[in-house]
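Each chain gets a letter, A, B, C and D, in the order it is written, and its residues are counted from 1.
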Amino acid sequence: MAGSSFGNIFRLTTWGESHGEALGVVIDGCPAGVSLDVADIQAYLDRRKPGQTRISTPRREADAAEILSGTFEGRTTGTPILVLVRNTSQRSADYSEIANYYRPGHADYTFDAKYGFRDYRGGGRSSGRETIGRVAAGAVAAKLLGEFGMELTAYTKSIGPVTVDMDKFDRQAIRTTPTCMPDAEASARAESYLADCMKNYDSAGGVIECVISGVPAGLGDPVFEKLDANLAKAVMSIGAVKAVEIGDGVEVSSRHGSENNDPFRMQDGRIVKAANHAGGILGGISDGSDIILRAHVKPTPSIFSPQKTVNRQGEEIEIAVKGRHDPVIVPRAVVVVEAMAAITIADALLMGASAKLENLKKIYGR
Amino acid sequence: MAGSSFGNIFRLTTWGESHGEALGVVIDGCPAGVSLDVADIQAYLDRRKPGQTRISTPRREADAAEILSGTFEGRTTGTPILVLVRNTSQRSADYSEIANYYRPGHADYTFDAKYGFRDYRGGGRSSGRETIGRVAAGAVAAKLLGEFGMELTAYTKSIGPVTVDMDKFDRQAIRTTPTCMPDAEASARAESYLADCMKNYDSAGGVIECVISGVPAGLGDPVFEKLDANLAKAVMSIGAVKAVEIGDGVEVSSRHGSENNDPFRMQDGRIVKAANHAGGILGGISDGSDIILRAHVKPTPSIFSPQKTVNRQGEEIEIAVKGRHDPVIVPRAVVVVEAMAAITIADALLMGASAKLENLKKIYGR
Amino acid sequence: MAGSSFGNIFRLTTWGESHGEALGVVIDGCPAGVSLDVADIQAYLDRRKPGQTRISTPRREADAAEILSGTFEGRTTGTPILVLVRNTSQRSADYSEIANYYRPGHADYTFDAKYGFRDYRGGGRSSGRETIGRVAAGAVAAKLLGEFGMELTAYTKSIGPVTVDMDKFDRQAIRTTPTCMPDAEASARAESYLADCMKNYDSAGGVIECVISGVPAGLGDPVFEKLDANLAKAVMSIGAVKAVEIGDGVEVSSRHGSENNDPFRMQDGRIVKAANHAGGILGGISDGSDIILRAHVKPTPSIFSPQKTVNRQGEEIEIAVKGRHDPVIVPRAVVVVEAMAAITIADALLMGASAKLENLKKIYGR
Amino acid sequence: MAGSSFGNIFRLTTWGESHGEALGVVIDGCPAGVSLDVADIQAYLDRRKPGQTRISTPRREADAAEILSGTFEGRTTGTPILVLVRNTSQRSADYSEIANYYRPGHADYTFDAKYGFRDYRGGGRSSGRETIGRVAAGAVAAKLLGEFGMELTAYTKSIGPVTVDMDKFDRQAIRTTPTCMPDAEASARAESYLADCMKNYDSAGGVIECVISGVPAGLGDPVFEKLDANLAKAVMSIGAVKAVEIGDGVEVSSRHGSENNDPFRMQDGRIVKAANHAGGILGGISDGSDIILRAHVKPTPSIFSPQKTVNRQGEEIEIAVKGRHDPVIVPRAVVVVEAMAAITIADALLMGASAKLENLKKIYGR
């Protein structure tokens, strides 16, 4: 089953393994005429690059993107865009022993159950490096959304017990703090917490929030292709995400309707909402408010303290994971959440083009 | 865009509006040879039927299913199964005035933004009655899963502040309490809470949990077609759901890896897990443990207290919703969550059939 | 596998068996705002109705269409359109003996090979009655294409040795001659030829041509979703079609490039072609000329003369098919070819809406 | 729209332009465990390589394949297989002038109509070089089919007026004659014919036939995913193909049913057919006989004699195409037809795995 593709019209297919020759993505269905340069993609990839801070894996990769097709004279042509990133820092030896046992919290066992064997080097296909393709495609999607005035802001909302103070929200800080928190002081506390985790050979989880502004009302479909349903799939398909919230999310279950409904009102001759508990989506369709979502990310499963597990021979053993691992997945996953959100909105934008006869008449001019 | 379909191989398409002639579903891709009778479907539909308790809308519908194709001599034939339910209790007059304004918390405004106009009667396509098709398809999926020893249990975990006590979990009670809570005492408290809501012309939200047992390890795909990603989409595509959790869900973000990882161990010669924080899915693929998910459902947006909104002419007005509405969506949505889970697992089961050469050799016998 | 669906955005799913309760189609993805009435669909269905002439099966069916969803106040709403036709003239007894053997030229054997058993009554799912759903969807597609000035003309080009004389082409005659030939004199000769076939307990084949005018240049995709590739699939998916030609079709293989290329020239300030050997498609994309295609239809496999075959027990037997059968499939398949062409063009029209940034800017107005 | 993908479960996406950095394909959904080496792919690619005979373009390309993902220790892993071929012999200068006008018989005009501009170098995306990705994927599909004893034989059946004599059919000759004809004498006559074409600055068309043996009965679907419908799409999606025939193809339209039906009989305890007019497919499903199809290929549109056309400014001009072009497309397209057939059958094989409950029980063992 072609499970490596996402999207209906704006459709990407990622490919590649952690320790193979290269990884990347094909993006098919991007409209012709979008200005696109390899630097647009590199800027996104640099945000997920390892080895940049002491709280991310010391594996250093240039992660340099090449665009091999789909653009001409600086613009997309409407044909598939192939982005490729070579692997340069594979140290497969680190991983040779995991060939034979199943790491808790990883996909080793389930891969074997499904396929009978696996490329075990660095997690193979289920490595976080697969997200390189997603981030590259997200850069293209974000470029497209930018043409319509849409803007995405993803950031770390919490790491372990440390939650950002929204009063100190500094949009610039997201790209400068090692945690991707928009509050430098909270970020410092989170770093200290992570240092303790590392000392204990342990790891931490956290929460990523993404806000998309400028989305026109009317994107998304009313039944299965609801915008929130596709966002939930997009975000839950990122490894380690265990819960997805839209708008006020889990809090709505303990509220009254009178508190939770967002009243409509007029502003400058346009219909707007006086509140946004819904997170910008009603009945699966964007309502013109900011779209807001959160991903809950589990602690890195690769920990250095000893763990009980079994091997392929069915023997119970104790292991201590080696290799190079981040103590928390969240900071490097921030751009992945942003990318998946951008891709989902881009697809909805394209799907919406044929929603009504009136749209088609604008295009085909009859 | 064909947004009314769900699933890759086991694929359903729902159709129908709240106040049209009928609603239903086409299920394509169900394997031939599954025993199926209209009673199998009716039993599921009866669980979502309105008018059965004082906490559900007094609209009474027989919601009698007809199977018009796809079965022969009591078994599925591998061809599309059409299930149809006639609408019998439409009272469109109740809704005539909503043609002209936008109810807060509903899809009225976003439909107009997308399509330019809408079938406003009873919410039209965005009515909860659309789920009739999902539930019918879920009944078929559950029948198929039953052939492999899989079993689904969905129930109400909370309504407003009332949460079920897992020590008093009574599987039978789910189908007998009006709240679908498996704890009669909690259910009584929830009913009392809802009576207060109704007295205040207000509504409540809640949480639905679904547990699927007997799922073999190896279902689901490692990248975008992750089993949890598809479950998240399936469940988030149900109107009013604002958050989806898998396994321990939102709690994982504040945990350490050493707490959250599920160790593997041997039991009766088989690999099992000693814990199930993951909710039965690792790397997007089932691990043989119970699959566990939760849906957070917002309070019914249709409330009888006055609300501010705007009309199609762009005037700010105050409205009080009329018609027949449940004070809480949760109890009738329990079977919808179960249905969507069944459909998702069934699709993964079929997709898995071609995952490895060895499987194909078993089938084609070379 | 969901093999009963066709189209990417304008997507239909047919359902139903020859002798089941009903057959029909769900059409998802039709844009909102297209004027549509049940009479639009009935007019198309009437063109494939049996029992109208002495060269079609005496099975008489009203084949009355009902629209159960997807329209409101005479226009499509953008939601799925369910069209249902009840079966009224089933005489299953006629078919009971075919339960046990394999008719040459039919799908009885291959169904058993695939699914293990089959609804044998009247051919079940592989009956020509399945095309009712296609024709209903084709009527909707044609309505949509009409909004853009496109027009479809399908007709019988030959039956056995009788070919229409294009000098006597009378567009009106297509709907009045029992053969759907646009040349009354040729039609009379074809009828006489068919009378001979019937006398000999035999059947005849023929050719259907379809011309689509008014198609704007630019529809279709350059690689796998080529307009001609999709037309070929659409037409070859009609039972009994064994060859599909686009433009000059099989003749091109014996030509020189200098003869076969269509020169471009200017006319009234627009680019047109001075010839149309290509049948209106270049590189998979419409070129603004008429689209021309032909389907070669095999002779009706149900013949009354004795034939050798085998039964389910693996015994060689001789059979003589009974029941009610047309001596030629072509006349009733004319509207099916037209419907499939309309559906394919409609889908390309919708897919084209997001082909370039400029289109999207026209819609979303930035 | 993602028009660069083909297949439902065995799904490929080709990417790349004639004069870009590289071209290739991602194949997703190939089962795990198929033995695969880059040499398997290179052998197929070598059959379409230019510059090998005097009747193919003198553009010389190594067309060396690299596999960048999806295999491990010599076997497929079930994850996407990326095959890349670098372009090495681009001479874009040859093409610079075609940026501004529309070559007859090419996609230049229709690309501009669809996308607003195009990568004109060497035809860009609509170049025959796009088929590199198809052929690479076809090699993988053929490897998979080989595991089940299926074998594909494609060859040149005719070039211009020269048709192969089936009495002199020499399977080995297909890969040694420059025409891919399995009759060396006919091949010599065809070469002489092509030499005349070249002398006249003109080109020729021809016919390719493909026979697939060893296909089990039961592959394909009964409605839109008919095996012949998908083969028709697969083959018609190859540039320059204008007609597709299955089995006796266009001849069936002038036959009687008594001549055209294939009787069933028993052989060695198995059901077989006593004839194969149907070309191995009944009702869209394989019947166990050889599958036979033919593609009619138009003459190369790039001819050196002067032609009338228009430029982007709307001026009528006369042009003489330059560059490096084959006088006939057929010989190098033989392997492309074979590849597309292999891909289509492979997809049907995988889709068939979930057709009946019995199959699933074999896999999941309940």
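Side notes on the structure shown:
Assume a contact is a pair of C-beta atoms (placed from the backbone, for glycine too) under 8 Å apart; a residue touches a chain by one contact, two chains touch by 3 or more.
Predicted model, so just to flag it, every value in this text is computed and none were measured.
Between A-B and A-D, more C-beta contact pairs join the chains of A-B.
Chain centres computed from CA atoms place B at the largest separation from chain D. Separation between the centroids of chain A and chain D, computed from CA atoms only, is 38 Å. Averaged C-alpha coordinates give centres for chain A and chain C that are 44 Å from one another. For the pair chain A and chain B, the distance between mean C-alpha positions equals 26 Å. Residue numbers of chain C whose C-beta contacts span two or more other chains: 1, 3-5, 8-9, 14, 29, 32-33, 78-79, 114-116, 125, 216, 222, 351-352, 354-356, 358. Chain-to-chain contact here is organised exhaustively, every possible pair of chains being in touch.
Note for the complex: chain A touches chain B at residues 1, 3-6, 8-9, 14, 102, 104-107, 109-111, 113-116, 125-126, 130, 158, 160-161, 197, 200, 202-207, 216-226, 228-237, 239, 242-250, 252-266, 269, 271, 274, 278-279, 281-288, 296-303, 305, 307-310, 314-316, 351-352, 354-356, 358.
Residue ranges on chain C touching chain A, taken from their complex, read 9, 29, 31-34, 78-79, 144, 147-149, 216, 222, 349-364, 366.
For chain B in complex with chain C, the residues that touch the partner chain are 1-5, 7-11, 13-17, 20-24, 26, 28-29, 32-33, 66, 68-70, 72, 75, 77-82, 84, 114-119, 124-125.
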